[in-house]
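Beneath this line is the structure, given in structure tokens, with notes to follow.
Should a chain be cited, it is by its letter among A, B and C, assigned in written order, with residues numbered from 1 in that chain.
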């Protein structure tokens, strides 16, 4: 099966290891990976800040970059959801609305793709440790992917799972919110890290680079002995 | 006498204009797509409803006593004693006699130094004075909602509103036959009465336990402006 | 007139409230309690999503036919002897109520909790006439005694105060000499207010839901104060936002079922009271005169536009209780009587963007509010819509940000520029990078790195790695 990877800019620039893990896991599951060089940012930072017009150019470029794809897979629920929003953005546009719809329909978040499309629940991963999981807001609430990551994690050998108190609560990332309202965001992520610590887990797993950079940044700042991993990295452990 | 209506036309014209039409005096009655309320306690028997009511009353700081018409006088006496007796106010209501309470109220209480005041539409000022100083108010539920533990009271000239909320303690008699699943049935019944030409009582009270507040540090305080204690006496009247 | 509660700039309010340790502890524990209870009630009720959809369809139907239902309501109120005054502005509403107070030569007025009267600054208008206005909801009363402090929560107005502070308010202002125990404080207020109800000339209430078919108003409380406010004084004035209406008792029941569960996690509150007209012939209690004041105050401008769904709101505050931003900054930060997500959406619409332009950015767009809303208002989408309006119509976005976003529109839209930018990120950030992380970032990153590190950009971009690696990944 050919999978076209929508890596996201955070992964491209800051979390290269996540991208590598995604590629390796999907290849191991029998997929061939295609990476359109013309992919850029999905437009979410500008779009969410209210610059809808400015973001449309980026969106069009993305629609074109992925036009050939059969399945678009992204290691971010938030960015995948942005693709799902495209039809709304181009509503009434005779040329771009149908294209946006086509893209939205074939876009999947990474764990969702493995469980719902590949129909695989056990990817044969093995990782020793106790872990807790932060469920990202856009992925769970907007995209509606809730079960897939839990299903995949439950099959990782050696991994003991502890539920995160307040797991559904936003970590305070919120894209530009994290710099625009830096002090509020800082308090939010502090509470999140406190909750992570309460679990006693030595690994924090998430499925969205933005949240992980945020929570990981706070963990680093405080020097806590907690490892932050994207779920693709966990599933890539053998 | 009809009341005066002021400024209506300009006001409604603006609304209609915003909605993109002219004001309308005719609409199609809505047909609701969802009707979840009918499912609640749909097939419950009367005995099951009593059980639901009892269970719910544990949550609303309200004791429930179950008795029958033969034992009602004794039960009421016990409850009044447990509330410290002293002074009682009741509606002017034939049902007290029907339930065999005349002897208790009119003979036993005076002997036991319990003052009884019966609501009297001829002396409004006295009614309030007496309600304000009475220790206990006794009323009768017209319809009782099992799900929420709610008594429904209709006001009229003989059934003053104040009887249920000025005294410190409230006793509500609940004929078992009045118990229905939930507020849905009460709302329908009120509408049916209305459509058959009956006037809706100027005050319909849905009372669920004693008055309370959690305004101070979210700590529940029972008894704020209305009664501090409430008890339901369910009468097996069938 | 505005619903502003503070002249302090937004940024200052944030900094101030973030240091309010008691408030933050109180808010976070209240949020958890409210959330747990709400979810438990939804679960016990069953088919919660259907209930929400039913609530939504009722509210949407009413808004689409609002003129019809308001007409029907006013006819039916009038038939039962009540007067109806339609007020397009806050001033019209307060002037009318002032006029009644004058006619009645009212000296003392008791009130039950009402957000719309806060919105139109009714108390101030009546105090101007020399009336004593007494709030009877326990929380509202506490705030009133404390020099009219604004509410910090729609349902629990004094949530930000602890019992010791409340004791001190009563001690300093009224010579209260008992302890800070909530039971003692409540008993004190009970005794203090009892006589006020009995001697008041006018009772003023808000309105949770008006019922068009019967001309009734529905009041929802736990304390029972609305019952006393409406039973004892000779004149009753009810002020309602024009959208707070349902067709019949049956829809009222559905919305009350949603409201009490979502607001306080109860199946019903202790007192749900429907009042119809003036008191009946021979009745002792109930008003001899009843005035229903229906307030527009900017609501009709929302109707028919993109923000119309906010008028579905039933003021339960479930969104407030779910909001992770409110959790940390509390209600006063919003500078409006309406706080939390509903306040973020409503305040700029009713009070103008000038005063409330920062509010739409006080959200991570996490969607918790939308999930919690019992009538399915897409709150986070409306918050996003506000940002768009601020950028595109209001021109209120900061210039630096506009330039950045223009550059974004240009840069992000050009694959070659984007690629170059991703390549440049690492060398550009290298002066700020230590141990592969940035602890004291430049520009906008400063706000980030105050509390946390930022990762250094990859030395090798993912895309370069992908291109270089052997086909199929087998090394």
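Criterion: contacts are C-beta pairs under 8 Å (C-beta built on N, C-alpha and C of every residue); 3 or more make two chains touch, one makes a residue touch a chain.
As the structure is a computational prediction, the values presented were derived from the model and not from experiment.
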| item | value |
| --- | --- |
| Touch-based graph of the chains, sorted into line, ring, star, complete or other | line |
| Core chain by centroid distance, with centroids computed from Cα atoms only | C |
| Chain separated most widely from chain A, comparing mean CA positions | B |
| Chain centre separation (chain B, chain C; CA means) in Å | 30 |
| Chain centre separation in whole Å, for chain B relative to chain A (CA means) | 54 |
| Sequence positions of chain A contacting 2 or more other chains | none |
| Interface residues, chain C side, partner chain A - complex | 14-15, 18, 28, 32, 324-325, 327-329, 360-368, 370-371, 384, 386-392, 397, 401, 405-406, 408-410, 412-415, 418-419, 422, 425, 437, 439, 444-448, 450-458, 460-463, 465-467, 472-473 |
| Interfacial residue positions of chain B with respect to chain C in the complex | 1-8, 10-16, 18-20, 23-27, 30, 32-37, 39-40, 56, 59-60, 119, 121, 124, 127-128, 132, 145, 147-150, 155-157, 160-162, 165-166, 182-184, 186-188, 190-191, 194, 199-219, 221, 223-227 |
| Chain C-facing residues of chain A, complex | 7, 9, 11-16, 19-20, 23-24, 27, 32-33, 35, 37-41, 43, 45-46, 48-55, 57-58, 60-61, 65, 137-138, 141-142, 166, 168-170, 172-175, 177-191, 213-214, 216-218, 220-221 |
| Contact footprint of chain B on chain C as seen in their complex | 26, 29-30, 33, 45-47, 50-51, 53-54, 57-58, 61, 64-68, 70-71, 74-75, 77-88, 92, 96, 136-139, 142, 156-159, 161-163, 166, 182-183, 185-187, 189-190, 193-194, 197-198, 213-214, 216, 222-225, 227-228, 230-232, 242, 247-250, 252-254, 256-257, 264, 266-286, 290, 294, 296, 300-301, 303-305 |
